[in-house]
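Here's the structure we're looking at; comments come further down.
Labels run A, B, C and D following the written order; every chain starts at residue 1.
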Amino acid sequence: MALPETAAPELELDSRRAESRRGFLIGLPAWAYLTIFFALPLVIVLVYSFATRSSTGRTQLTGWNLDSYRRLVDPFVFEVFQRSFFLALTTTLICLLVSYPFAYYIATRGARLRNILLVMVMIPFWSNFLVRTYAWKVLLGSDGPISQLSQALGGEPIRLLFTNTAVLIGLVYGFLPFMVLPLYAALERMDWSLVEAARDLYADGWTAFRKVTWPLSRPGVIAGSILVFVPALGAYVTPAILGGARTTLVGDYIVDQFLAARNQPFGSALSMGIMLVLLAATVIYFRSGAKEV
Amino acid sequence: MNGMRRAAIALMALMLVLTACGDDSGGEVQAADCNVGEIDRTTLNFYNWSDYMDPDLIEAFETEYGVDVVESFYESNEAMLSQLQSGVVYDLVVPSDYMIKIMIDENLLFQLDKDALVNYGNLAEDFRTQPYDPNGDFSVAYQYGTTGLGVNLEAVGEDFVESWALIFDPEITQHFAGGVSVLDDPRETMGAALEYLGYSLNDTDMSHLEEATQLIQDAKAHIATFDSDQYSENLALGEVAVAHGYSGNMIVDIGSADNPENFVYILPEEGATLWIDNMAIPTTSAAPCTAHAFIDFLLDAENGAQLTNWNYYGSPNEAATPFIEQEVVDFYADTADANLEVIEDQGDYEINYTDGLARAKG
Amino acid sequence: MRKAAVELAGVSKAFGDVYAVRDMDLAIADGEFFSLLGPSGCGKTTTLRMVAGFEFPTAGALWIHGVEMGLEPANRRPVNTVFQSYALFPHMNVEENVAFGLRMKKVGATETAERVKRALDMVQLGHRADASPTQLSGGQQQRVALARALVNEPEVLLLDEPLGALDLKLRQAMQVELKVLQERVGITFVYVTHDQEEALTMSDRIGVMNEGRLLQIGRPEEIYERPASRFVADFIGEINLLPATVVDHYSVRLLGGQVVRGSTGAEPGSEVTMAVRPERLELFGSNEHIADGLNQIRGTVVRRTYYGDVFYYDVDTPAGVVEVKEENRPGVDLHEAGESTVVAWDPSATTVVED
Amino acid sequence: MSISAGVRPKSPTERMLAGNAWLVYAFFYAPILVLIVFSFNENNNVGIWTEPSLRWYRDVLANDAVMSAIRVSLIVAAISTVVSTILGTMTALSLERFRYRGRRAFDGLVYLPIIIPDVTMAVMLLLFFAQSFQWLDAALGWRPSFGIATISLSHIAFNISFVAVVVRARLGQLDARLEEAAADLYATRWQAFRRVTFPLIAPGVVGGALLALTLSLDDVVVTSFVAGPGSTTLPVYVFGLVRRGVTPLINAVSTLMLVASMVLIAISLGFQRTSRSRVAIREQELEPN
């Protein structure tokens, strides 16, 4: 039997190339969009980070230098980064702890109820951010319901406002949906027969969760953690209103460079710094996540 | 790694190109030339702070001149500046004092045609020339206010020093339940500290600034919040005993407190900030003459009074005083005698104020 | 014109530098139940996926009923697949799952409904048409997957370890059911499994694969009785493998010098392996009479293991340790550990394989 | 109908889950309750209660600036949500389901908008638009202006990434065999996507869209930099107010938006139900009895 010349290696390669091309084409619109409206503008910031601030706060595009990057290694900047990092980390962990059972609960309801419950998560966030935060001020103030409850029970008035607890409450409140949504998306189509099979084999609900549910929901956990951690690291309005902005955080440090000091080169360098830190942090997170599965 | 090198080369090439086409500032001053009441375009793009302009006044102007006023709003001088520098077209803007100086230096403002402003004489003498615009060529004062301290008499007592010590001296502030609120604004807060130490708020001596930073650091234990937005509400709610902030918010929130008589607004004896928002016409304006007409319209005595009665800020319009509510007039009465300074842009030194406050907070 | 239902000629599949399937030639006859058997990673599933159209061969050609299909996408091939995980659409009910293929082929609504009903009745799931696949047991899901494929009346049905996820009892019941079904519908089945018992009981023919190569094709008894290679011998069932040297075409010499009969095509003097299944061996006391013509080796019983229906003896001989399986019949002679014995077998049970 | 609801008995775990859920909802809605209550407050101050009044609702309807800001916000949110949901879903598919040269670079590019500080994004987009408009003017004699278009373009730029991350989380755990099964059952690529992949990733897509909508409705910094004459959005307007003190006017606006969204959702849920039962009826008719 003679070998037919069809399905030669080149042809299979062609089909694989066609498949690659298809994937590329599906991604192309977003790729093109982000290149034009994100990557190109980003280059501007990168260029600015090597420029000099003029005395009127304009960015002078002459005399390129590394001064802004030199300022980044100041111990003060490191301290600010560190503080913001731990705040964001705590926020993320609390969000995860609260959201997981919550998303699990929603995902295990009937289809109609599930949709209603999910939308009910989002509705509060279609109001205005500032007004929501002010509402929290009322709740956490020395005359607020928490304080009144404490007084009614014969205790001291409690003022959570302007404390780190208030900042955490505000941040968790603001970013909770960012954790709930991906977790829900991951848990919703969980194959419950697997969980049941596992319960069959392990008998113990906790083990079934640890061995089956948790690993399967990992993509959601990772996505949610990133969506919470990253904006929490750059948060500045919530810490200012609820925490009294009593310490400098990365978010307001950068905002101040652009809006108060009008120091675009240093603001740009700081932005590059924070992006590098976040990239590194998430790469490490992904790596460790991949290993644990 | 090859890719890295290519990217680096591309970046350097881009920098060279940008250097070549870089600095386009430093052109000629552009002077406007308009007749009284001239309308060169029937649309006026007005860029202002939110809730700062009485809609009825806009309507009256539109009816009188047959102009369509398109209002847009900004939430910081810097966002407005960036927009103008980027070529977004606005016909009339309302920058604060220091920003006027920057915009003049950057050649972003038309030199006004005073001949077209028949009501210019209504403007109080004090407001015609200011350090940021020495001849008043580029701006016309819109509204003004001060930065001082709101005091809760119940928490502080009737007997207190009218000094920045109310927020900076731990000996005093430690007795205040709820602590004090300080502005989260580098120039205002570092300025207040500098004044408390006996320097000008425009002081540019690094060692003085370090003293000020140390002062805030030592006072921090009793500073409940660094806040530029909610200080007057916090004061009225009783969350803080003393609040550092702008006069306009203070008058509104003290007025709406349960017991307004328990609160006073004071200007510390060491000196305080006077701030002035000004109308100015960007060089990119497509309707400089319509903008002149609008400025002149607001310089009218009754119109100026209507604006102040609406937003409760101080009016630089002297002729308007008889038409302004007595309450507001009284509130701003003592500004004339107080020791006030306007914040001036300090060029390269600016970044040190920002840094000073950031470090003071830790 | 090619007559085979599925034919592969010189088919190879590489993923990067690694070959999953190498130079495979295979013809599966129309109506045949053909199994691809091998350990995991041997390339059997890749082969099946090439027939299904999920992968394209790197080299070679593939025909389905005489039509070249090597690079045809899956949706244009007259074959259907039953997946190992069933791959039932979780957002559709049983009926919608089964009707999916017909709807894609734009079969009329009435005919679709009829055929779906028939298919579901055939797998005895007519009463669960409205159920969601996630509500079904493993066995039921398996049947839905089967119905979903068969309802399209494919020319060839591909099954990728379809019984792998079921428990033992259910698996055995389904084996019979599948075989009966295949005979009834008369469709060519290509069945991938790593379970030799499944392959042996159900198949008309079996292809044994290892490391991407098809090692042997044959009827179940041929594969079992006449393994062509050491790997096939070892993989299928239990077997004693003893190193040997070829004496002539009819006999080999074991370690310890004993010459036994067994035909081989290998050159005299070459190193080979002698294979013999434990159930073909008999164990005699050292003084017992042994019929002429049987191969014999002396040895000492090391261990006897009781399995209920059978005993296993490990016997230490000069040729190596040999495993002997004897049925547990009434009156059978039991041999104790330490006892000197003779292991004997009919020469026809000997297979000599080259390494 | 769901399996879990039927199969699971009310175990202690189940009760704890329900309890936690109600606590979380209480957490979500506590400030919203405060917000709504204070929208009926006569006082100028958002936090000091005096007496009930509809004053601020009258003010909202009379305030052209606020009404225009609401209109701009809704237009921008609608455009950016729709476009970014489509592009973000395609991105997720492309990154998760295919292998090609440059995929990793693309992956990184998609990730960057999430980790960039918003003020940096604001500044760079403004500079970018200004520069490119200048070039467009020089090259074509056409100078686009800042406004709803530039705001929408900017919102899409950060929303694509958020949608992509959420959809990918969903796509990542979808069994690839399901798509093969569809192809095996004669579905073309597009049919397989429409009938199998899309319905299964829909919760992720909806989640991503909700996230995009929320982000768009809340953005202040980027918007305030890339806005143009007459295109102030509600959040920018509200942030501009803080200099003068925020009044319960904004509570009234928020309350109205909350009510509007609840009504919309009620309508869409009702619609969903009727369309679903219609499908069910049609399929029953197919059944030969």
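The working rule: a residue touches a chain if its C-beta (ideal position, glycine included) is under 8 Å from a C-beta of that chain, and two chains touch if they have at least 3 such contacts.
Remember, predicted model here, so these are calculated numbers, not experimental data.
**Q** Report the chain closest to the protein's overall CA mean, measuring from each chain's own CA mean.
**A** So the chain nearest the centre of the shown protein is A.
**Q** Taking contacts as defined above, which has more of them, A-B or C-D?
**A** Higher C-beta contact count between the two pairs: A-B.
**Q** With centres defined by CA atoms only, which chain is the most remote from subunit A?
**A** Centroid comparison gives C as the farthest chain from subunit A.
**Q** As a quick test, compute the distance in whole Å between the mean CA positions of subunit B and subunit D.
**A** Centre separation, subunit B to subunit D: 35 Å.
**Q** Please work out the Cα centroid separation of subunit C and subunit D, and write it as a whole number of Å.
**A** 54
**Q** Please compute the C-alpha centroid of subunit A, do the same for subunit D, then give the distance between them in whole Å.
**A** Subunit A and subunit D have C-alpha centres separated by 16 Å.
**Q** Could you list the positions in subunit B whose residues touch two or more of the other chains?
**A** In subunit B, residues 76, 79, 85, 229-230, 237 touch at least two other chains, as defined above.
**Q** Among the residues of subunit D, pick out those that touch two or more other chains and give their numbers.
**A** Touching at least two other chains: 1, 3, 46-47, 122-123, 127, 200, 220, 238-239, 242, 246.
**Q** Hey, what residues on subunit C touch two or more of the other chains?
**A** 90, 134 - these are the residues of subunit C that touch more than one other chain.
**Q** On the basis of the stated criterion, which chains touch which? Give every pair.
**A** Chain pairs that touch: A-B, A-C, A-D, B-D, C-D.
**Q** For subunit B, which residues are in contact with subunit D within the complex?
**A** Residues 45, 47, 49-52, 55, 70-76, 79, 82-83, 85-90, 228-230, 232-233, 236-237, 246, 248-249, 252-253, 255-258, 311 of subunit B touch subunit D in their complex.
**Q** Any idea which subunit D residues touch subunit C in the complex?
**A** Touching subunit C: residues 1, 3, 175, 177-178, 180-188, 191-192, 195-196, 199-200, 286-288 of subunit D.
**Q** Within the complex, which stretch of subunit B touches subunit A?
**A** Going by the criterion above, the answer is residues 11, 14-15, 18-19, 22-23, 25, 76, 78-79, 81, 85, 102, 105-106, 178-179, 181, 184-187, 220, 223-227, 229-230, 237-239, 345, 347-348, 350-351, 353-355, 357-359, 361-362.
**Q** Across the complex, what residues on subunit A touch subunit D?
**A** Those residues of subunit A that touch subunit D are 19-24, 26-27, 29-31, 33-35, 37-42, 44-45, 98, 101-102, 104-106, 108-112, 114-132, 134-139, 141, 173, 176-178, 181-182, 184-186, 188-189, 192, 196, 205, 216-217, 219-220, 222-224, 226-227, 230, 234, 250-251, 254-255, 258-259, 264, 267-268, 271, 274-275, 278-279, 282.
**Q** Under the definition above, what is the set of subunit D residues touching subunit A in their complex?
**A** Interface residues on subunit D, with respect to subunit A: 1-5, 7-8, 13, 16-18, 20-21, 24-25, 27-32, 34-35, 38, 46-47, 87-88, 90-91, 93-95, 97-103, 106, 108-125, 127-128, 131, 153-154, 156-157, 160-162, 164-170, 172-174, 189, 200, 203-204, 206-208, 210-211, 213-214, 217-218, 220-221, 234-235, 238-239, 242, 246, 250-251, 253-255, 257-258, 261-262, 265, 269, 272-273.
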